[in-house]
Structures are given as structure tokens and as C-alpha cells.
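Following this line, the structures themselves.
Note that chain A is present in both complexes that follow, paired respectively with chain B and with chain C.
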Partner chain A sequence: MWSYIIRRFLLTIPVIFVVSSVTFLLMHAIPGGPFSEEKALPPEIIKNLEKKYHLDDPLWKQYIDYMWGFMRFDFGPSITYKTRTVNDILAQQWPPTAILGSISFFFAILVGVVLGVISAVHANTLIDYGCMTVAVIGVSMPNIVIGPLLIWIFALNLKWLPVARWGTPAHVVLPALTLSAPYIARFARFTRAAILEVLNEEYVRTARAKGLSERLTIIRHVLRNALIPVITVAGPAFAGIITGSMVVEQIFAIPGIGKYYVTSVNNRDYPVIMTFTLIFAFCIIMMNLLVDILYAIIDPRIRYT
Partner chain B sequence: MQKIISFICIGLVFFALSVGAAEKVLRWNLGTEPPTLDPALAHDTTSLLVIGQIFLGLTDYNPATGEIIGELAKSWQVSPDGLKWTFYLRDDVVWTNGRPVTAYDVEYSMKRMLNPATAATPANLLWVIKGAYAYNTGTGSAEDVGIKALSDYVVEFELDHPVGFFAALATRVVVPVPREAVEKYGDKWTEPGNIICNGPFMLAEWVHDDHLVLVKNPKYYDANSVHLDKVYCYMVIEASTALAMYEAGELDVLRDPPTAQMDRIKTDPVLSKELHSSPRLGTYFFGFNCTKPPFDNPLVRKAFAAAIDRQALVDYILKGGQKPALTFISPGVPGYVGDEGIGIPYDPEMARKYLADAGYPNGQGFPEVTLMFNTSELHRAVAEFAQQCWQKVLNVKVNLANQEWKVYLQTLQQDAPQIFRLGWMASYPDGYDYLKRNFDSRTPENYARYRNPEFDEAVDMLERITNPEERMQWFRKAETLLCQVDCALIPLYYYTMVELTKPYVIRDYYATINDVPNFKDWDLLSH
Partner chain C sequence: MPRDSIKYRTWKRFSRNRAALLGLLILVSLAILAIGAPWIAPYHYAEGDVRYNFAPPSREHWLGCDYMGRDIFSRLIYGTRVSLTIAFVSAITSFLIGISYGIVSGYFGGTVDNLMMRFVDIAWGFPTLLLIILMMVFFKSSFARVTPGTFAGTLSAIDRALGGMFFICIGIGLTAWLMIARLARGMTLAVRERDFVEASRACGATGIHIIRKHLLPNIIGPCIVQVTLQIPTFILYEAFLSFIGLGVDPPTPSWGMMINEGYIAMRSYIHVFLAPALALSITILAFNFVGDGLRDALDPRWQR
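The block that comes next holds the complex of A and B.
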């Protein structure tokens, strides 16, 4: 198992290089640069700016300079935000994204799995239909609709929560709900399907025949096997929450790195684009590795060589 | 015991609330994080808004009268040949660290701005100064630049050629910075704690990408006239979220409410009273690529211009009370000639006649042409309206295409489409800016590729002449050529600023350069 994990870690390095090259090339292929602004700047001024940020170096040199810096964790200056380096931006702004992302992720799993279990146990009853309807709504409404809707209900009309921004636990509620909604739905449906399948297995019937209570049957025997599809969903859900955070942070004016990522593409802020893409890629790779390890832990039949 | 503690806590809360209520705090939405607070590096409106509150310029634009007045400078004089401008500074302005603001600050800051290593973005406005262009492009030296502090409070600028509106230029670009902060902290000199200001407000707090706080500067030379104690600036990008915050009472002013909500706002009993449209110093227009057929024929351009019903555009599409434009320079900017009958007004009969004279009676044989704009709901709505006008009046088909802003700019630079949508906001208070930067044949940003030596001559005259009446004559000539005789563009409307303001905010609605509000003149009633 350990050799598998080490191998996966080492494989990350070429993947990161491929992601960085593709991102770098794409970035420079899009028309427009960091200095094409509201008002066109005279060419002499642009020349001074390009010199300052080394954008007049040949592309291969810019790439190597960046990757060399990246390996020493020096991510370069932000071209758009003149007082800040990318390191500054990351250091100041990763906490809101991390907090919001983790809360949404675990909330989605918790609520999703519980909803799925309830639906499965009461399959084909009103409770089941109700839960699944809620799930479908969650998966169909995009977060640009859910977000403002929640703001309208809870912030403007009921006045229970603040409209936007960050800083107190109350500020986390609406964005976390918005971000987790589609994934609650997915987790619920997958859990429900997995449990229904397992409920028909022989060993479940045996457990019931032995006199085990329904609750203990579910928790001790059914859930563990039903979790495998759930973990499968967890990987892409994590990726989805990262990308979803970009929209949600924009709607709720949360000073995280998701919001920054979108504006950096619009601004063609190359160092920021490169760094954030690589960091997100790394997170997703690690998450997938974690998912694979969890498989091995939960299902003893799965063994890696 | 618990009861005592709760009473003390409640008491403290009330105390804090009462102290808070005594302070006048304006809550404003900046929209985005300002890219910089360094006057040498700023050229976007967000940065300029904050800079405008914390730093003083040599001169200023008085939006109530449209005149250039002194700010750091008490007065100035120009030599008879128009080449030497001498400014006499006030002696009662100090930085927040106590040091007086002097002519040496001006000299240092301008030379810093021209230093190629600084890569300052507004530096091109200083190229009229002797030696400035050479220094800024790396071929000259700082010593040869014609800026000299003659004494503590007298600074002299020596120009390359006479520039009648140099004082107007100075409002935008001659904004000194504190040498000691720049030299000590480098790129981070604008962080709170490092920054030294001299304006009506100073920077107290800046949590990047979240908010910044300006507080009243007690050392400002006219501090007694400043009413606000604090300006709390949020950075909420999403317009609908900002509107929700305004409605929830978390914002005091909202600029540019989302267009999709305008109908609801106008019929809402509370919001409709708080809505206000005011003029801005900018013009929205369609330019023609005058080298691309069929628009290389001025008659075709005139036909297209005469077919647009601007009033209907404002009433049904824009809904912001904008003023229809027939000339390019906006009202409020010296050089505005829009009320004098210059330009091509809406006249469907004349439009059809122009097109027929050009060889396309009733649109027969007219090729398909394209109108391009940068992606936005508003621009699409305006483009579709124009498309319909041209179809209805001239019986011609115009295709629409859109691109993301930076891609669009590149397209305009390399090969502008037949008709392109663009806007121009005044960089400084003079119409020369509009004409020179957009339609002078020698300017790279002349996407219309408009070439008329008479127009260029008028532009050159406008640069050199100081006499206001003479200049107005040249403005009239230039605009007549541009908008009427040659019709290189279709001016559509002058921009307006649509704002929601809470009734307890006492404010003005003057149009200012770069839409920088003068918070020093605002006040808050208790609420």
C-alpha cells in the first residue's frame, strides 16, 4: 500500500508540469494582455510595463523563470494588483475559501448521506419522494440562482442573516448552503441507490434474521458497503466545490481565492492564473488519491499493487 | 453574578452604539479591490476614486463651474512664449507625518513618474514637458527633464511646445507622493501604516479584496470643512448583491444598479425616490472604419448616422435619462459644442437620401456589414436597437458580433470592423483629450483610421492656443468636420451615472473626471 501511495505522489510531478505548460500556453494564446485596459495605453508605456514584469522575455524564458520560482514557492508579483505578490494574495485569502469549501463539503456529505439513508429505508413512500424532489431541485438549480434566492428569502425578507461578505459564522450559512446544494443532491441519490442495492443482499437478511435491530443493521452492515459509491462521488464533488466557490464567492463578496481567480483571468494576470491553476490542480489530485486510499480502507477486497 | 455581567455587557454595547452613532460613517461600495493607490501607477477608476480622497493634486477641476482651480497651487503664470509654467504653492499643506508639502515633492514625484523603471501609466500626459519623452522611453536622463523646484513653494515646468491647457493636464497627473514612504517601503508604501497622505482623508485600514477604511485627516489644510468622519469602502463585485445590501440598509449609496432591476426600482415606492441620474463626462459612440467599404464613402456613414433615433434609444432601451449626443465632446468638458446645431440629427428622409446618393437606393445592392461590440447586456441591447433602426429606415442588414473586452481591444487595434462600439471618458478636463486620442491621424488608437489634415490642424491649434474664445472656434471646426462633414462616428449619448442614495446622505451630483466623488463636501444626517 505504501509503495502505491509513494508512486502516486511521484506521478503528481509530471502531471503538474503538464498542467502548467498547457495553462501557460493557453494563457498566452488568448488575445489581449494584462495592459490592454479601458483606455488603450500608448505603446511606449506598454513597453515600460512589459519590461518591468519581464513580459518582453521570450516565452520559454518566462515559463522557466515562473516554474523555477514556483518550485521555491515564490509565485511572483501580481500584475494587476501592484502592491501584492501572489504569495501575499494566497496567504491573505486562502482561509475563507478553505473554510467555506470544507464546511460545504462536509455538510454536503453529511446531509446528503442522511437524506439518502432516510429515502432508502422508507423507499417508495412519501418521505422518499419528498427527499428525492428536494434533491432534484438542488441539482437542477445553478448556484447563480440558488444564491440570490437564499439572499432574498433569508437576508432581505426574514432578515435572519447578512446579505453578503465574510467575518462571522452567520456569514458562512448562505454561501455554504448555495455551494453544497447540488452535492447534497448527488450524495443523497447515490447513497439511496447504494443502500437499496445492499439491503437486498444475503448478509443483511441474515443479520435481520439473527434479531439485530433495523438501526444497527443499517449502521453496522449496510452503510459501510453503501459508502463506496459515495466516496466515488466525493472526488468530483470536491473539484466541483472548488470551481463552484468561484461563483459563490463572487455572489457573496467573500474575499477568497476563488473570486480572485476569475478576475485574474479577465485581467490576464499571468502569475496569479498560473499559481492558482496549479494549486487547484494539486488539491484535486490529492483528493483523488485520498479517495483511492479510502476505498482500500473501507473495502478490504480492494488492494493496490 | 451572571446578571451583573450581562448588565455590564449590555451597557457596553449601548455605549459603543452611542459612540458609533455620533461618528459620521459613509458606507460605499468600491466594487473591486483597487489595483493600486500609487498616483503614478493608477489609471482605473476604482484606484483613482480612493486616491482622489487621500492625495492632493497641483490643480483641480471644479465640477460646479467647469473651471480649473488651484489645489496645492495657489496661482500660476505662463511665460509669453507659452513654454514656461510657474506654479506658486500653498504653504499650509502638510503630509500626515507633519512635514510640509513642497515644490521639491512635486519635482521628485514627476521625475519618478517619468522614470522608465516605474512604468507609470499616466506618464504620457507629461510628455509635453521638455526632455520628458526621452527620459520616459529610456533615451534621456532625469536632469534634462524640464521640471524644477525654484524654491520651497515655487515649481516651474518647461514645455517642449506651448500647451494651452497644461493646468487641466496637471489636475490628473501632477499628484505628488511622499518621498520618504516610497524610498523606505518600496512597492508596499501604500499599505496602511506605511502610507503618508495629504488630502481630506487618510487610509486607516485596508483588508485586501474585502474593504478599506478612510478616516478624516485632521492635518488637512481645510479640515474644518470636512463633515464625514469615516468612509467605509466595501468591495462587492456582483451588482445584484450590492443592491441587496443597499436594500438591507448595509450600504448608503449604490452606483449603477443592475439594469435588469431598473424597472422594479423605478416603480418601488421607496427606491424610486432615492434614484438619481446625473451626467458623466463621457460619450458612447459607434465608430466607422473609414477604410473599409462601404464605409469609405462619407454618404453611407451619414446615412447610417441619420437613421438612429437617439431619443427612442434613451427612452426605451437605456432608461437612465441620458442626453442624446450629436457631437463627440461631452457637456461639462471645455470644448463641448453640442447645443449649436453641429452634427447629424435623426432624419429618416435625409438618411434614405444619403444612401440613395451613395448608390444604394432603398438599400438595394448594399452589402452585409457588421457591427461589433464588447460583450455586455447593455451593449447588445443598444446594438440590436441600432440594427433595427437601420433595417427599418434604410432597409439594410447589419450583422452583430461581440467579443470579450480585451480580445475586442486587440481586434480594434489590428483591424477594426466596419462599425464598432466604443466609449470615451475624459482623462482630464479638456476636449483636446477626446479629439487627439481617438481621431487624430497620427494616433495609434484612431481605430476609425480617420484621416483629414484639416482636422489634424485643428487639433494642433487646440493644443497650442491659450485664448478660450479662439479655442472654442477650433473646437467647433473640429467637431463639424468629425461629426458632420466627414461623419467618422455616430455619437449616441452622453453617459449618465445612475445612483441610489439613502435620504440621510447630503451630497452633490456633479460630473467629475473619472467619476471621483468629492467626499470632502458630503455630509450625513443622523439616521
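The block that comes next holds the complex of A and C.
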């Protein structure tokens, strides 16, 4: 088990290497540089600016310098905002994204699994059809539809919650709902299918036969086994939520790294683009690793060697 | 179609699923709208009239007008072209790349398989949306000033002719094939060991023959299901890219762009937002229905 974890951990190194070099090459391949937008800068000044940010070094040296800094958590200066480093920007923009992402992720799992259990227990009744209809609609309504719709209903008309921006707990509600809605639906459908499959197993019949109450059967025997396939969806769902936060941050004008990312690509703010991409990639990799480990812990039949 | 063929039985199971049939019906209607857009739409998508800015629905403009006085109903109809093109071209691109990659990896096995699959594992960690954004900015600014006649010039001309859709499809196709590749490789590994493949090889069949006659027919079904289930994501990528201004070029009407325009004017003119939002949701719903229906029809064990 430990050797498996260590091996998986080591595998993240080439992943980070490939992600960083692809991003680096692609972003330098984009025509124009950080200074090409500014008007009437004399060539000497541009030259000096490029020297200051080491943009006149050969590409491989810039890459190595950046990665060397990255490993020491020194992400370099922002080229667009001359007085701020990427670390400053990160310290400011990371918390909203992290808070929004984690709340949405756990909310999606919790509500999704509960809905799935309710549906499965009442399979083929009105409750089940109701839940699953809502789930299908949830899967089909994209963020850019749900978000504005929620704003229109709860912020503009009912005036219960703020329209956009960030700061108080009330600001979290609508974006978190928007972000988690499709994944609630996905978890609900998956949980329902998994439970229905487990309900036919012999050990469930045994549990019932020995007189265990329905509630205990579900909690102790069914849910535990049904959750195994559900965990596999958690990895992709996390990746989806964390990149989906880019969309939601745009809609709700949340000052997170997703909203900032598009701006920095347009500004060719190279260190910011690199850092944000790598952090997103790192989160996704770590989550997939965590899911695989959880999988092994919950299901004793799986043994990694 | 012979009654006992797999195709016939699959169709039987598919057509018993009412949601899937409804989805198929919606998709066929959308395709008709997309092809017949110039004859069906009452106005041209770029034709605006300042007197009708944000006009509410009326007899002349069934769904009202947008901020430039353009007929929303007509723009919706032309918008089906964007969403459906993205859906099918991205699906075909990622399907072709994924299935060839997967088959080659699975068929040759050993070191080749190991290397090819490690590459997929690595690419798996890439945040797709970020990569697509980078690629879009790259395409948009690299091909902005190219000389006609060269390869780049031709690509740029194709993109302009398609209203900016071409590069979106490439961007999505280049990132979305991983799942198909994994599936195709796994199934190839399973089918490769079956007796009929062994028999075929014993008769002296070449690799190409085995891949074409034995592997492909056996793995193509699940791969089609997988790509159908992914299509909603492709449509969403386009809608999001257009939403943030990296998608199709105006005035090409994309539902994502229309949602963005409607979202900005939402406080006073909700109809501008609702129409494209509903169209996008219904289309995705239809693709989900068809994808689920196909999956259930091909794999009865998954039946609800």
C-alpha cells in the first residue's frame, strides 16, 4: 500500500513537468508579449523591460529559472502589475476559489448521495421519478444558464441574496449552488444506480433475513458498498468543479484565480499563467491520487502492490 | 435489417426508451433547423434595426430583439449551426484520434502500450479548460495576420468561413480524446485474447485485417456511446468560450454569446437571456437522453 502511494506520488513529477512545459511553450508561442500592447514605447525601453524580467534569455533558461523558483514557492513577479509578485496575487485570489470550490464539492457529494439514496430506496415511485427528473435537468443546465437564472430569481427579484461579488457568507450561496448543481445531479444518478445494484446482493438478503431494520441494512451494508463506485466519480467531479469555478467566477464577478486567469492570458503575464495552470493541475492530480487511495481503504478487495 | 442482427436488437431496445426517442426527435429537428436556417429564419442573423433595441416579443419578432435590434428567433435558429457543428466535428475528431490511439496501444501491447498509456495518464492531469483557453488565444492571435496561400493562410480562411468555429473544434478535439483512447485500449486488450482473433491469426490474417474485421466492430459501439455522452461537454465548452469572448467571431450567433449578451441586460430584459438559455439546455438534454439511451441499448446490464 505504502509503496503504491509513494509510486503514485512520484508519478506526479513527470506530470507536472509535461504540464509545465506544454503551458510554457504554448504561452510563448502566442504572438505578442507583455509589452506589445502599450503604445509608443521606444525600443530601448522595451529592451530594458525585457531584460528586467529576463524575457531576453533563451527560452530553456527562462523555463529552468521559473521551475527552480516554483519548487521553492517563489513564483516570480507579475509583469502586468509591476508592484506585485505572483505570490501576492495568489494570496489574494486563491482563498475565494478554494472556499468556493471546496464548499461546492462537499455540498455536491452530500446532497447528491442523499438524493440518490432516497431515489433508490423508493425506486420506481413518484419520489424516485421526481428526483431523477430534477437530476436530468440539473445535468443538462450549464453553469452559464443556472448562474444568471439564480441571480435573476434570488437576487434581482426576491432580493434575498447579493447579485455578485465576494465577502460575506451570503455571497457564497448562489455561486456554490451554481457550481455544484450539475454534480449534485451526477452524484445522485450514480448513487442510485450503484445502490440498486447492491440491493440485489446476497449479503443484503442475509442482513434482512436476520431481522435487521431497513434503515440499518441500508446504512451498514448497502451504502458502504454502493459508495465505492461513487468515489470513482469524485475525482473527475473535483476536476470539473475546480475548472468550472472559472466560469462561475466570471458570472458572479468573484475575485478568484479563475477570473484572473483569462485576464492574465490576454495580458501575456507569463509567470501568472504558469503558476495558475500548475496549481490547477496540482489540485487535480492530488485529488485523483486521494480518490485512488480512498478506494483502496474502503474496498478491502482491492490491493495495490 | 435482419431481425436477429445486433443492430436491429439495439435499435429495438433504443426505441423502447421514450426519453431517448424524444431526444433523437429534438436532435433531428435541430439538424433540420440548422440546415434550413436561411429559409426558416424570418430575418438574417446580423440584420439589426435600432428602433427595435430590446424589443419584447411581438408578432413581427416572436422572441423579441437583442441589444442591437436583431431578431432573437432568427439568431437562435442560426445558432443551432454553431452548436451542432461543434458537437459533431469535435466528436468526430476526438473519436478518430482516441480510437486509433487506443487500438494501436492495445494491439501492440508491451512497451508501446506502456509508453502510450503513460502519456495518456500524464495528459489526464491537464486542466482541460485552461488548455483550451490557451489554445484559443494562441490560434486567434497567431492566425490574425497570415499571408493567404500558405498552410496557415488556408486554416485561417477555413476558420473565417466558419465564423471562428474551426479552431474551437480543433481545440476541443485535441483535448477530449483521452477518455476514448482509454476505453478503446481496454476493450482491445480484452478482445485481442478472444478465440476468434486467435483463429484468424492462425489462418494467417494480417494485423490490419484483424484490426479492421475483428477489433473495430467489437469496440466501436461503446466508443460511440462514450463520445455521445461527451458531446454535451463540447457544446458547453463552446458556449463558455463564446461567453467570455474567446469563441466564435461576432456577428456569428452562438448561444453562449447570446446568453452573455442576455445576462448583461438581464435586469431589465430577461427575454434576451431566457431564449438562448432554454435552447442550450434543451439541446444538451436531448444529447444526454440519446447518450443514455444508446448506452442502455448497447449494454443491457446498465438498464435502469
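We adopt the following convention: the second predicted complex is superposed on the first by the 294 of 305 C-alpha atoms of A that agree within 3 Å, B and C clash if a C-alpha of one lies under 4 Å from a C-alpha of the other, contacts with A are read in each partner's own complex, and residues count from 1 in each chain.
The rule is short, and it goes like this: contacts are C-beta pairs under 8 Å (C-beta built on N, C-alpha and C of every residue); 3 or more make two chains touch, one makes a residue touch a chain.
Every value quoted in this text rests on a predicted model; they were computed, and no experiment measured them.
Engineer: Touching A:Pro43 in the superposition: chain B (first), chain C (second), both, neither?
Structural biologist: A:Pro43 contacts chain B only, not chain C.
Engineer: By the touch definition at the top of the document, which applies to A:Val18: first (chain B), second (chain C), both, or neither?
Structural biologist: A:Val18 sits against chain C, while chain B stays out of touch.
Engineer: Would you check which partner chain A:Glu202 touches, where first means chain B only, second means chain C only, and both and neither mean what they say?
Structural biologist: A:Glu202: touches no partner chain.
Engineer: What is the contact status of A:Met246 with respect to chain B (first) and chain C (second): first, second, both, or neither?
Structural biologist: In the superposition, A:Met246 touches chain C alone.
Engineer: Touching A:Pro162 in the superposition: chain B (first), chain C (second), both, neither?
Structural biologist: first
Engineer: Name the contact category of A:Ile30: first (chain B only), second (chain C only), both, or neither.
Structural biologist: Both: A:Ile30 reaches chain B and chain C.
Engineer: Given the touch rule stated above, what does A:Arg84 touch, chain B (first), chain C (second), both, or neither?
Structural biologist: Only chain B; A:Arg84 stays clear of chain C.
Engineer: Go through the superposed model and pick first if A:Pro255 touches only chain B, second if only chain C, both, or neither.
Structural biologist: The answer is first: A:Pro255 touches chain B but not chain C.
Engineer: Is A:Gln93 touching anything from chain B or chain C once the two structures are fitted on A? First, second, both or neither.
Structural biologist: first
Engineer: Would you please give the residues of chain A that touch chain B in one complex and also touch chain C in the other complex?
Structural biologist: In chain A, residues 30-32, 148, 151-152, 156, 250-251, 266 are touched by chain B and also by chain C.
Engineer: Which of the residues in chain A end up touching chain B in this complex?
Structural biologist: For chain A paired with chain B, touching residues are 30-33, 36-45, 47-49, 51-52, 77, 80-84, 88-89, 92-93, 148, 151-152, 155-156, 159, 162-166, 250-253, 255, 259-260, 263, 266, 268.
Engineer: For the complex, which residues does chain B have touching chain A?
Structural biologist: 32-33, 35-38, 41, 43-45, 116-121, 123-124, 133, 136-137, 187-188, 190-191, 207-210, 234-238, 240-241, 244-245, 247-248, 250, 404-407, 409-411, 413, 424-425, 427, 437, 444-445
Engineer: In their complex, what parts of chain C are in touch with chain A?
Structural biologist: Interface residues on chain C, with respect to chain A: 118, 121-131, 133-135, 137-138, 141-142, 144, 232, 236, 239-240, 243-244, 246, 256, 259-260, 262-263, 266-267, 270, 273, 277, 280-282, 284-285, 288-289, 302, 304.
Engineer: Using the touch definition from the top, list the residues of chain A that touch chain C in their complex.
Structural biologist: Residues in contact with chain C: 11-12, 14-16, 18-19, 22-23, 26-27, 29-32, 136-137, 139-145, 148-149, 151-152, 156, 193, 196, 239, 242-244, 246-247, 250-251, 261-262, 265-266, 273, 276-277, 280-281, 284-285, 288.
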